[in-house]
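Here chain A shows up in two complexes: once beside chain B, once beside chain C.
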Partner chain A sequence: MTPEAPVVIVHYMVNYQERQLDRTFAALVDGTRRAILARLEREDSATVSELAKPFAIKLPAVMKHLDVLYDAGLISRSKAGRVVTVRIQPEPMRAAMVWLRRYERFWSKSLDRLAAYAERREGAATKKRR
Partner chain B sequence: MTPEAPVVIVHYMVNYQERQLDRTFAALVDGTRRAILARLEREDSATVSELAKPFAIKLPAVMKHLDVLYDAGLISRSKAGRVVTVRIQPEPMRAAMVWLRRYERFWSKSLDRLAAYAERREGAATKKRR
Partner chain C sequence: MTSLTLVRRIRARPSIVFDALTTPDGIAQWWGPDAGPVVLAETDVRIGGRFRVRFRMLDGTEHESVGEYLEIVEPMRLVMSWQWTNGGEPEEDGEVSRIEIDLKRIDSGTEITFTHGRLRTQASRSSHEQGWAAALDKLVRHFSTEHCA
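Moving on to the complex of A and B:
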């Protein structure tokens, strides 16, 4: 291994993770795809025709959405005869959530501000009552 | 208010949240936009020219990315003379994380499976040693 090899590997891994985040977020942009994932969350697995039923769109359109989810690694497909069963593959969504989690301090910050405001109001109300 | 009004309001709110998720995830698809947000997370606020500096792309391209982030409600802009300062607006990313959080049980599940596998291996190893 040359001294540069670890740097190259890290660079490759960062790039790989970035490309995966691109694909995960792109897959999540569409409401129909999010609805499919939400259903697979409730039911663990579903066949393609079961998944297509509640939607006002045709089966080939649903299949296209499933292709996007599959290519992004968000679902797995298994075939038994003519029946394709679909399941959630959780890892990419976990990585997307880890990415979003770094902004958590902003949410707690706005909650802190809200709490401080509530306390000030409370303090003012107490003063008035005296 | 007619009896249907609350249903219409709920429907409107669900639609509004869905459109917001569309815009949030679409804004997060691009690596440059994610890098801008990551920098705003570290530095709280930055001017447009400061934000443009580390990127190999030209200022107008950075401005376009900032427009997408602004339209999706992920950043705020404030102007003082010719200087535009940009900050994170956390709410839409919080909502996106809440959406992703419903898949959390799958992550714990795969951790459980990993733990069960480790225990089986451990058990098998103990048996062998006897």
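Moving on to the complex of A and C:
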């Protein structure tokens, strides 16, 4: 293995994570899908027909939403006979939050320092004027 | 949350805050998430002008962002595009986000409203008002305490 190889792997992982983030956010855009996730979070697991019940949409439409959630890695499905049970998978959402928190930390710390710097300069300007 | 908004009150007049936001000397004093230094700051503060800022974090990693000034109302408002670059190459699939800064004169100095918007634009523009960030946050907290111990 050449010394460059690990760098390539890191880049690949970054790109992979970016695509995963896009899938996560795209999946969460839809209100029905968020409602499904919220319910799965409360109830641990549910069958597809249980999940479809509260919505004024047909079962195939719910299945479609579940496909999107599954493709984004946000749920798992297991089949027993004709019953499909759905469970939530938290890892992609955690990654999405980490991504958002990174921006929050960046700007929050930066603005703290901006404030401290501007206040020092204000102090100096006020003194000079006197 | 596809946009992030922070509000701070600063005991300095808006013109001083505006200078700190737009001059290389000012930027060098505060830009970055820890006490690591700004190693490069260039600004061309006019509509269509560009900025470039590079900082080194305490862990030794360097990060650079570039963008273009889109709106300038000195000393009250500043809008610019924003892109991370790594050795001059765009990061995050070259995604361009947007920073809006409003400065309001208040008795004690300046209230700054800082918004980093259009994060993950295509995926989530429509979701912005729907408040899924709170739901997401709740879900994540739930799982970090219970399911993944």
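The definition used in the following text is that the second predicted complex is superposed on the first by the 102 of 130 C-alpha atoms of A that agree within 3 Å, B and C clash if a C-alpha of one lies under 4 Å from a C-alpha of the other, contacts with A are read in each partner's own complex, and residues count from 1 in each chain.
The rule is short, and it goes like this: a residue touches a chain if its C-beta (ideal position, glycine included) is under 8 Å from a C-beta of that chain, and two chains touch if they have at least 3 such contacts.
Every value quoted in this text rests on a predicted model; they were computed, and no experiment measured them.
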Which of chain B and chain C A:R34 touches, first, second, both or neither: both
Which of chain B and chain C A:A96 touches, first, second, both or neither: both
Touching partner for A:G81 - first (chain B), second (chain C), both, neither: neither
Which of chain B and chain C A:P60 touches, first, second, both or neither: neither
First, second, both or neither for A:D22, with chain B first and chain C second: both
Partner contacting more residues of chain A (chain B vs chain C): C
Footprint overlap on chain A, comparing chain B with chain C: 18, 21-22, 25-26, 28-29, 31, 34, 37-38, 41, 88, 90, 93-94, 96-97, 100, 103-104, 106-107, 109-110
Partner chain A, residues of chain B touching it in the complex: 18, 21-22, 25-26, 28-31, 34, 37-38, 41, 88, 90-91, 93-94, 96-97, 99-104, 106-107, 109-110
Chain C to chain A touching residues, read off their complex: 1-2, 4, 6, 8, 10-13, 16-17, 19-21, 26, 29-34, 91-93, 109-110, 112, 114, 116, 119-120, 122-124, 126-127, 130, 132-133, 135-140, 142-144, 147-148
In the complex with chain C, residue positions of chain A that touch it: 14-15, 18, 21-22, 25-26, 28-29, 31, 34, 37-38, 41, 88, 90, 93-94, 96-97, 100, 103-119, 121-122, 125
